[in-house]
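Report on one structure; see the data block that follows.
Note that the chains are named A, B, C and D in the order they appear, and that numbering of residues resets to 1 at the start of each chain.
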Amino acid sequence: MTIRAGLVGVTGYTGMELARLLAAHPAIKLVCATSRTDAGKKLGELYPFLQGFELAETEIIQPEPELLAACCDLVFLAVPHGAAMEMAGKLRAKGLKVVDLSADFRLRDAATYAEWYGQAHNEPDCLAEAVYGLPELYAERIRTAKLVANPGCYPTASILGLYPALKNRLIHCEDLVIDAKSGTSGAGRKAAVGSLFCEVHDSFKPYGMPRHRHTPEIEQELTRLVAEPGLTPHVTDQGHKPLAGEALTVSFNPHLLPLTRGILASIYTRLRPGVDEAQIRAAYAEAYAGQCFVRLLPAGKLPELRNVRGTMFCDIALVPDFRTGRLLIFSAIDNLCRGASGQALANANLMCGLPLELGLEAAPIVP
Amino acid sequence: MTIRAGLVGVTGYTGMELARLLAAHPAIKLVCATSRTDAGKKLGELYPFLQGFELAETEIIQPEPELLAACCDLVFLAVPHGAAMEMAGKLRAKGLKVVDLSADFRLRDAATYAEWYGQAHNEPDCLAEAVYGLPELYAERIRTAKLVANPGCYPTASILGLYPALKNRLIHCEDLVIDAKSGTSGAGRKAAVGSLFCEVHDSFKPYGMPRHRHTPEIEQELTRLVAEPGLTPHVTDQGHKPLAGEALTVSFNPHLLPLTRGILASIYTRLRPGVDEAQIRAAYAEAYAGQCFVRLLPAGKLPELRNVRGTMFCDIALVPDFRTGRLLIFSAIDNLCRGASGQALANANLMCGLPLELGLEAAPIVP
Amino acid sequence: MTIRAGLVGVTGYTGMELARLLAAHPAIKLVCATSRTDAGKKLGELYPFLQGFELAETEIIQPEPELLAACCDLVFLAVPHGAAMEMAGKLRAKGLKVVDLSADFRLRDAATYAEWYGQAHNEPDCLAEAVYGLPELYAERIRTAKLVANPGCYPTASILGLYPALKNRLIHCEDLVIDAKSGTSGAGRKAAVGSLFCEVHDSFKPYGMPRHRHTPEIEQELTRLVAEPGLTPHVTDQGHKPLAGEALTVSFNPHLLPLTRGILASIYTRLRPGVDEAQIRAAYAEAYAGQCFVRLLPAGKLPELRNVRGTMFCDIALVPDFRTGRLLIFSAIDNLCRGASGQALANANLMCGLPLELGLEAAPIVP
Amino acid sequence: MTIRAGLVGVTGYTGMELARLLAAHPAIKLVCATSRTDAGKKLGELYPFLQGFELAETEIIQPEPELLAACCDLVFLAVPHGAAMEMAGKLRAKGLKVVDLSADFRLRDAATYAEWYGQAHNEPDCLAEAVYGLPELYAERIRTAKLVANPGCYPTASILGLYPALKNRLIHCEDLVIDAKSGTSGAGRKAAVGSLFCEVHDSFKPYGMPRHRHTPEIEQELTRLVAEPGLTPHVTDQGHKPLAGEALTVSFNPHLLPLTRGILASIYTRLRPGVDEAQIRAAYAEAYAGQCFVRLLPAGKLPELRNVRGTMFCDIALVPDFRTGRLLIFSAIDNLCRGASGQALANANLMCGLPLELGLEAAPIVP
């Protein structure tokens, strides 16, 4: 059986990446893609790199919910927040499954959304049914979800890096610093002077601090993990949990790398007294046992962004520094694949009863 | 049925690329890899990017022909010229199929080899049986070959770009200029000051002219194509053909790009009188009909290296410039995949009775 | 005495580069810069890299000819063609010296301009008085010029590479191929998807052929050089010369490099019979004797773009290839400095009676 | 009067950078440079980018102290630690002024040196007279110094970023995290696989933690600053101060950027209660008043590495984040210029009675 998928918003980098991944997917077929500006073309005309694939013949159409409903089982939304919300409501009303790559359904609380995104949330029903699509934490719920909120790229790297340490109370949760570095594809494919080659190449800079929009998303998910020490997040319901005794704020600080793909989150935490290295490694090993996309690096090894290029891997290194009483955590992903379109596809796999990793098994392109 | 493959020389970039491609190959299994310096390790230790793949468990052994013969059906040689020659002789003596990625069996004439590579050719029997592994020209012969000389990266791009024009006598063959640009992986993984990041990054330069070693390889193959106008190269024998009336020399001029993968050959030729654009396009369309790896770009489109990244594609654009009486040909490949390890794997596929493109179907990683 | 300079169009890369160079110029002071969008700011606000320099206090004003005339002796025009033409006319009418970095006064023939730039030339008087600002050829005339047409970046590299060979009739002039590669700053600072970091980085491509607008400029200047074998270009008048016996067309083929600054022109020519290497080297040595910006590389050395980064140098290598009867010429410049703003400043130096190289003596930043 | 300078170790990146800066220095002349492997050549042969400068004629000689003493007033040591120590001793014995770019005289305590650098310190007299060459803190002492220990690149960025905040007790000093990112030139010019273009390009990674050798240097200097609240470091003696009440450790965490030049230190600190933004800005403004190389960015602006490329600038941004109770400090330098050779030259300027910034005034090359 082939799943018929639609893609709303094919001209951005996340749309492009979904097209790349679907070009070789054995069970999900991209039957239509939308673009206001390129409707009428075929996908292969828009993206010469897809020539030679069957997918190159896929038609680009206008983003009309009726057209999508007529030919799709599931739709990926790769449009900006706000636009995604509206389209999600219409598609859900027609019964389609939706994976939303925007931020519109990531924050479980509409007021927090309004505060950080500067607009009201108009689809409360969708928000209520949305499942946060981080497979290592919520695979069970994703399998039955109708609407998945695909996590942000920075939150994916950050949450996967911190989850076992917080869940197992290895570190203080009031003193978390994330120094994150992202490839430039994270800035999107919009024509903007700041994203020009000559502005980014051979340079490096911090940006957007101290109030990057991924901050509340990270804090929301991490708070859930510490709220109940015994929490098995796989089975919890979606309601926002009050803080149980400890405030959790994150100092989240993004930087822009002169490369296309990849996020490295360098996470600085303070060890609780008495925690030793064996405990730390055991906690991570247990938390990610059986998870095909998380690779825990052996002691002494540190991640490199190229090792995850084009893949779903999250490479995690743990560096306890007892001299300073810290646990350093390094978490590396491909922001476009794991941090966006690949994760969306993994979620779609689960929603369609397919194996999580189907079509996502290629090795990274190194060098 | 699974083919058991060995890889001699796993620490270079072509060895690394073969490992990457074999990580997901459905019918050829890498059962051993050799390295003098890393023997005893597992592949996943050497290459962290392979962790999580079954291949990561493959043992690295010493390059002993006996060990290889004991466990392999076919062996890839990814060692420098000279070393490859010797190993090929030993492995062929034990009956193994061999794909040699070095230059040792590309030049059909031992004297030419000695002239350009500065050493005698000690394996004349192997040289006699070697098939030049360019599938678009020699697939038929490759299928039954025991020893395939995997083409050089520059020759692959250059020959594929020129083949239909020369075969169909669209251009003068005494006035060929190839301005080729290669990614730095073409320089290999040897520690050398000239290949350091800070020497290559943000710069660009010509090198190695006017006597780059790929020159005789290109001239040899192109000469064969013009030697007999009616030549169907797929069925010709391997003997070196005398020139039939016209001398063919190539001005081949390589440059070093500040990127990892990719070759663009910009080929400058002079049109024969009366040739029009339709004729040109028809000749290329016919020559590459049914060839899954050659993508002829539509008029007005030019190739980009990223569109072939990590793939077997050869993207070819044709620009007739009647103002100057020229045909400009642009031919783009990934030097590591199409120009080395991917092509070696395609040749192995043919030698083992598998479909040419098996395990080589992934779309390029763009952006 | 301090020359008061104005800069029309400060927000593009050529404007930015002029500001950089003027920050440390000992005799020319940038007293005002114009920008429609940023008028009212100070230069240091627009360009944080200039903070700490006196120039950071320079006011950005509206591009009004009256304002410029009130405070400037000389004006640099760093605006697109068309706009430059109009501004040049107004500023010349007020008696100001003008260095125009656009293409508006480079083509000596208005009809050729109209053909290649798609618009009529409305300033015939200015065109008649304009001097082509290539100091190695026209320093004498530039010293007394009121309006200098600053050469294009590709023409600068190409003409300097070919000049001695053509002037001395070392090569055939009917068979010239220029394979040129430019850094991305050549595409300007306009927000365009094709110039985004993620579209350019780690890739490479040809573009704009076979009719790039620098073609007629190169052909015009080279034709002048061959028109009269005994021509001493320094003293010739500006009128367009009819071809003297030989047609000169150039196959000019640009490519886009994933780096910011630099042009390498790889020029493929055919040697006239009997020309030997000593003759070639002597011709170049003589042609560029005393020229501080041209560096002839010793035999066996080839240029690298980094060696000219940020400078006025034009590094030229000569590779005679007697096997193929060719002379390969490699000519490297920084497209922003030598190919635009640095050359404009050198021209301004001459026009103001200052030494050619004043303020342009810094060594390239290597690595 | 011209100062005659020698350079021991010209083949590395710091030697190369010193040569670049001295090419245009008006008062210090590089009269000889040493290299065991390249002795006998001229500097212009070794470094083609220097052709055309008078400096290109400088002879490369063997590193013999007698030869240096015969022709130099001052010598720069750009050799590895250990080798520098020995040469410094010999040159000081002959009365020459020395600026040592290695780590050999940075740690004031020989035991700490032995612990972190794995070898004994054999030049205690030199160590006793060495002055730590950070001009913003120690200009007074540098002016009369005979031996200057040029600071490490990471310490330069880190100390300048933290100095006013620690000196004015704006932040807690027991909770300092430095996430530092360096360009690849920091790894030196040694042929090593890990520094190859294809290993670094398009990737990013942490390295060397948690015990990078710059850690004790940073801790030593910062400890001095907090040891005595009223400390005016300019006039203090050089003896190591015991900690006054508070332990100061730093979690220093370096990363490798895919670019050539630049360090960004992202410094995460915790504000002391009651400190407001005005206080913070005033403290930095006062601490760096009159310092020509430190640029404090206005509120809302963040540094970019390109803005300091090739210069002595240290660009500092202050981001108070009251939501998390933190002060984020971003400090950007060029690791080769400010972090090594430019700073060495500034120190030499002071030691020779020249203005600090002489020969170091060029604007950064942007873009």
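Everything below uses one rule, namely that a residue touches a chain if its C-beta (ideal position, glycine included) is under 8 Å from a C-beta of that chain, and two chains touch if they have at least 3 such contacts.
Being a predicted model, the structure only gives us computed values, none of them experimental.
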More contacts between chains, B-D or C-D: C-D
Remotest chain, chain D as reference, centres from CA atoms: B
Computed distance of Cα centres, chain C from chain B, in Å: 40
Whole-Å gap between the CA centroids of chain C and chain D: 38
Centre-to-centre distance between chain D and chain B (centres being mean Cα positions), rounded to whole Å: 47
Where chain A touches two or more other chains at once, by residue number: 13, 185, 198-199, 201-202, 258-260, 304, 306, 309, 367
Partner chain D, residues of chain C touching it in the complex: 13, 16, 20-21, 23-24, 47-53, 185, 201-202, 260-261, 292, 295, 297, 301, 304, 306-310, 313, 315, 336, 361-367
In the complex with chain B, residue positions of chain C that touch it: 175, 177, 179, 181, 198-199, 202-207, 209-210, 249-251, 253, 255, 257-260, 262, 264, 266, 268, 302-306, 309, 317, 319, 321, 323-324, 326, 328, 330, 367
Partner chain B, residues of chain D touching it in the complex: 13, 183-185, 189, 191-193, 195-202, 258-260
